[in-house]
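Each structure below is given as structure tokens.
The following pair of complexes shares a single chain, chain A, combined with chain B in the former and chain C in the latter.
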Partner chain A sequence: MTDQVQRMDVTAGGRVAKSEKSKLVKRRYAAERRFRFYGMAAIGTAVFFVFLLFGSIVNNGWSAFFQTKLDLTVHFDESVIDKSGQRDRMTLLTANYRKLAREALLAELGVDPADRPMRRKAEALLSRGAAIQLRDVVMDDPSVIGTTQKVELLASGNADALMKGAIDRDVPESRRQLDNRQVAWLDELRAKDILSLAFNTGLFTYGASSQPETAGIGVAAIGSFFMMLIVVLLAVPLGVAAALYLEEFAPQNRWTDLIEVNINNLAAVPSIVFGLLGLAVFINFAGLPRSSALVGGLVLTLMTLPTVIIATRAAIRAVPPSIREAALGVGASKMQTVTHHVLPLALPGILTGTIIGLVQALGETAPLLMIGLVAFVVDYPATPMDPATALPVQIYMWATAAERGFVERTAGATIILLGFLILMNSTAVIMRRRFERKW
Partner chain B sequence: MTTQMIFLILLLAGVAAFFYGRMRARAMTVASAEKFHSRPGHHGFYVTIWTMLPAFFLIVLWLVVAPLVVRWAVTNSLPEAATASGESVSLIMTTVEQLSRGVTQLEEEDFDRISSGAMTVQEVMRSKGVLVGSDAKPYMLQAAILDERLSANSHLFLTLFAGITMIGGFLYGRRGIAPRARARNAVEQVMTLGLIAASTVAILTTAGIVLSVLFESIEFFRMVPPADFFFGTVWDPRFSAPGRVGGSDGQFGILPLLWGTAYISLVALMVAVPIGLMSAIYMSEYAGNKVRSIAKPLLEILAGIPTIVYGFFALVTFGPFLRDAGGLVGFDIQASSVLTAGFVMGIMIIPFVSSLSDDIISAVPQSLREGSYGLGATQSETIKQVIMPAALPGVVGAVLLAASRAIGETMIVVLAAGIAANITLNPGESVTTVTVKIVSQLTGDLEFNSPQTLVAFALGLTLFVVTLGLNVFALYIVRKYREQYE
Partner chain C sequence: MVEISAPVSPVSEGANQADSVKMSARDVCVYYGEKQALFGVNLQIPTNEIMALIGPSGCGKSTFLRCLNRMNDVIPIARITGDIELDGEDIYAPDLDVVELRARVGMVFQKPNPFPKSIFDNIAYGPRIHGFSSNNKTDMEELVATSLQKAGLWEEVKDRLDQPGTGLSGGQQQRLCIARAIAVKPEVILMDEPCSALDPIATAKIEELMDELRSDYTIVIVTHSMQQAARVSQRTAFFHLGVLVEEGDTDKIFTNPDDERTQNYITGRFG
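On to the complex of A and B.
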């Protein structure tokens, strides 16, 4: 490039023929076009990555929102569930529901229950969660015992995979998870309209499980909800108060500088270091329960605080000084000026910043791994002190699970997480558009 | 009364005090001929502050000090023989505290059984549903009874004193309602103190990070010499098993981890810098408003996606793709490798490079461009020979900030980089990073007396220092550059 320009100087002297001149100009224009193309290609590549990322997640995960179910006619045999007829809670909880589900399926397929190998093959089509589903039916209403009901039961992970096309029928039988007999059964059940794909409500309600078909994000979502609640309750008041002080009251001195430098540095500290802080201070020193949403919320609060402070300061700075001067002029005190005028006018900006901070906190995983939120939690946490897990941590645990059925679940949970984040971000954008004020 | 209950009552009393104070001030304003200095609301707050704050500080102080006092008293009450026998006092106290939880359920005959030797303390407690160790001895039971009684008494006194302070404060605040009283000034002073307290949380957090990481690291360096940690080339911490305390049976060389971190970050920068920089140049110099308004938010989406999503993408889609692609051209790439993790991390930090560079390029004064155009340079020549040299320090700062992001990133490398601590030049092999090892040393059972757990804090300290240094250096460069044109 440099030598071209130098040659330009030579041509300016007029010693070079005209054709040569135009060739040089052409070359420079070509270089210009090339450079412009590089720029467009760079943006194109980056945008392509955005679509690739979303495309890959959606492609892997859409099927998680559907689940193969079996509409079976189950006879709630009293002799199996509760011979004594006492309807004792313990008896009802521990009855052999697996047998009921199995017999219903065997009857439908016309398999002799005495034929053990065949029985086992047929049973492999049912999820282990089916027994729990039947137990829940009975626990809800013990009067079904003795009657025959149509119940929707979960199919096993392999049956589900076949229905969704994840198991290739052309693969030789010996290397397929389901043999020819089982595939034929599934086709038969499908033709009879017993086997069907339905919307997967379990994905939203279940907790941790070792079987993909009974694993869901319900428990993790509650944990995340508790943490977000703690973040909102702590980070917003603290952050707004700190920002107000720094913008409106703080004198220009060393101490104020120190606080400002600290806030900027905290915003850039790797999130995993906050996890170490949580482990050492909140769990080891303060003795708060490990794996609890409380500790997770506190760590996320400290992480979000810089974001909230920086956003709030920007919003406060955007309020023109004339407003303050007018308020002070009519006799308001400094504090009254701030609380009656500056804060309400800065509120939309503060809310937008808060939402952005929350988005960050909701997607954060690494510090939560340090403080024991990587837990196999089956029950809904009732309070923030109970063992809990969070949405992104649940995704991490599923991503490292061995069963193939979990890939689909992981991507499905990721879609839900991204959906939340997009929703929150759009709220922030809409609020900014709606309430933005040009002074 | 539980502690939560006390706090709740205090809160309710505060709210009630506000309404009472406001009402009273209002009534007095109407009745008195003198003009009030402060508004009724200020008087309300004034009463609230007097009702709540002294009692609040008393409770907090009590909750911190009282358990220490009780512990001291109980420790002193232990018989000489117990402490003389060489048993650790803190172990005895742990058992005593466990015992004190169940001691209220014991009845007369239980004591008889223990003193006659018919049942051990452990058996008796188990029958009450309280689990204690087998080292529980009868004399500890006496200490436990004392502990329980003192704690209960302490709590009773706390409730009593808190109540007195609360009522006293309320009465004092109430007396302050007068036309001349400067209630507003007092309230605003307290509010300002509150704001100052809130702003120190940032400093406390930094101090907390530094202290917690430092203390545990010092503990670690007591077991493993710093030279072995910083210059060791073998990372092999072994499993931390109970009873295997000591630094001799594990090697904690940080160099393989640093190498992995640096290599992956380098690959990430090689992806992110060209794409991010060219995007920024195009958006600030060429693109019209329309393209800008679409492309910029699209790029920023990349910054908003949680890193766990990138990690999953790398694990499920990109890693296998790269492995297959490498297989086609005869280059052996493992599914989790430097390339996989580095490339996906590069995608993640594109927006960091691009948006910062965009700001910096836009900040180059227009006069420089116009001067260049005036000499006959094309747009790309202007960018390459005038704008970029002018923006270079700022761009370097942006790249350094992106690098610090890459070094501290965890979830992508946890899922896509592998766990084998290698020092290798082959980008197709898997390496591991500092962050991966922090995670793997701290998940599962923790023992805070073994180097296997403590090493995570030493790693965290290294990470903190490195990223902090990069950030400070980058900000310094960016700020210095900005001053040039302002």
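On to the complex of A and C.
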């Protein structure tokens, strides 16, 4: 520092007085310090908001990964399930499992089944999904009929909320979702270790449901997976082929300039417009099934294509021309030069661009709303032609529901989506590092 | 340029070699779009000699060199008129396969440009794409070895053929590029300022190498260094502003040029 100042004085010669010179230097240093401070402040603000965002989402969403369960001893009464003893599939499917679950709980609480108001109160602690859980047990293995088994059943959304502390016990009974009797029962069950919080596998496997405890991202995840598959299968070959042709083979003229401008414009088109296009072309004109992953995938392909083309062109342009000359110089044809040298060297850049395009597509909601992927889909889609939803759309749908269970699921599903996005982005970074070459 | 222990001094044999012409250019003009870069060049390149193309920057010597194996085809706006013949065969004939031409007329570039592959693959790439029996491993190994030996690189790299060619020093990389060109068994080797990115010692090695290669190949070299032209070549052509000013025995060009512009250039009055 002092060295610099001294040198400055020497070179200044007689033109500027020494004191004035040092003032100038001081001012320059101050400006530099100020600029560095602005930069740090900007980064600090950005980091603060990132942490705020993640903090609030995790704070709201962590509880979605746990679910209140009841370990009940259920007697699979043959007279309730299948009186005839024929084990007919239809009979088994439509039996009154609700009654079995209720009786198991009533027995545990010591409530007389004949006391209807009390029975109803107790039953409200059980999820409506409990009957389906029992049905699944029986359908899996009909030999349980007539036996007594320990079964883990879902508690109702309100019981779950109380366990997680979302229902305030100090609120007057008349304004609480659970009355004093029910709260006392829950405390009793908890003391007996029947009521407990466990990891919520249902969040990953269930489809749409009107009850938060039986709602999950299963259908949405499969829908999103199908769409990503379609995007990869269509956007990557189309995008890479287009970019290769434009960069390596196409003549430079007004037409290619026009195409280039339009590809760049396409990348900036609002995504909802792609949704309108998909609705008009794929559904109304081509007659593809509404709210299917196929149409969603096609629309997202159109949206991702410009990104892939632009990234691929940049990667191809980054391959030094000397490599092309070297290949041509030993007598490789244009095609051989491209496939043997340019493409392999551009591959890391292409992969990175493609993954970034996929990340964009995975998080996209607006165009999917236009083509009917906002749907209440309970069953897993077996093919891309079946009705499905997508992860961000599922989040959007849950965000409009009022129950506490849906609020936490909204944040929980957001955590999962963010997790995917971060995972894919890190893959892109790692790949770029791994395959990067030095000339 | 530093004076280096001079490689074998060229002996002028111009007159008795003139009858065997390897390549000849007749009235060659090149245009880049509207701009004309070469004006009616007539030049004969004798067999098994080193022909040096000299001249100030932008005089068209590199352009002319790149016409000789049609590397200018890559530039969309480049247009060429006139005839260039290789062994009496028009290389711009419509039915001529440009890939085959480049296998016969190899090229070494200004900046060493090895492929980012192993040393072995760098050499083997050319023969492979030209259908050299790639299933016969020992044949290929032998070809790689002889190519590297001819390029004087074998002793330095024989234990690390599987390592990337980009890891070599600049001079070694340039010799690797020469070996790569040799491996395709060309008849003519074009060199576009092959030593401009190298230090004097590496330059001396390449110059020595060129003199050894002369017995098997016809070499055309573009160089900015007049000393280099004087050291390595038997014949020299001086280009100025897209015109071939003068061509003749290197000794004569450097001691007693006919044209005043040549005289001015070699005495350092411009360029």
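Everything below uses one rule, namely that the second predicted complex is superposed on the first by the 397 of 439 C-alpha atoms of A that agree within 3 Å, B and C clash if a C-alpha of one lies under 4 Å from a C-alpha of the other, contacts with A are read in each partner's own complex, and residues count from 1 in each chain.
The working rule: contacts are C-beta pairs under 8 Å (C-beta built on N, C-alpha and C of every residue); 3 or more make two chains touch, one makes a residue touch a chain.
None of these values were measured; they are calculated from a predicted model.
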Would you check which partner chain A:V330 touches, where first means chain B only, second means chain C only, and both and neither mean what they say? second
Could you look at A:H340 and tell me whether it touches chain B, chain C, both or neither (first, second, both, neither)? second
Using the superposition on chain A described above, determine whether A:A122 touches chain B (first), chain C (second), both, or neither. neither
Return first, second, both or neither, reflecting whether A:S322 touches chain B, chain C, both chains, or no partner chain. second
Touching partner for A:Q252 - first (chain B), second (chain C), both, neither: second
Return first, second, both or neither, reflecting whether A:A64 touches chain B, chain C, both chains, or no partner chain. neither
Contacts of chain A common to chain B and chain C in the A-superposed view 333
Where on chain B is chain A touching in the complex? 184, 188, 191-192, 194-196, 198-203, 205-206, 208-209, 212-213, 215-216, 274-279, 281-283, 285-287, 295, 298-299, 301-302, 304-313, 315-317, 347, 350, 354, 376-381, 383-385, 401, 404, 407-411, 414-415, 435, 438-439, 442-443, 448, 456-457, 460, 463-464, 467-468, 471-472, 475
Would you pull the chain C residues touching chain A in the complex into a rising list? 69, 71, 74, 76, 99-100, 102-103, 106-109, 111, 113-116, 125-126, 129-130, 166, 177, 180-181, 183-184
Can you check the complex and tell me which residues of chain A touch chain C? 251-252, 320, 322-333, 336, 340-341, 345, 437-439
Where on chain A is chain B touching in the complex? 1-2, 5, 8, 28-29, 31-32, 34-36, 38-43, 45-47, 49-50, 53, 56-57, 60, 237-239, 241-242, 244-246, 249-250, 258-259, 262-266, 268-277, 279-281, 284-285, 302, 305-306, 309, 333-335, 359, 362-366, 369-370, 374, 392, 395-396, 399-400, 407, 410-411, 414, 417-418, 421, 425
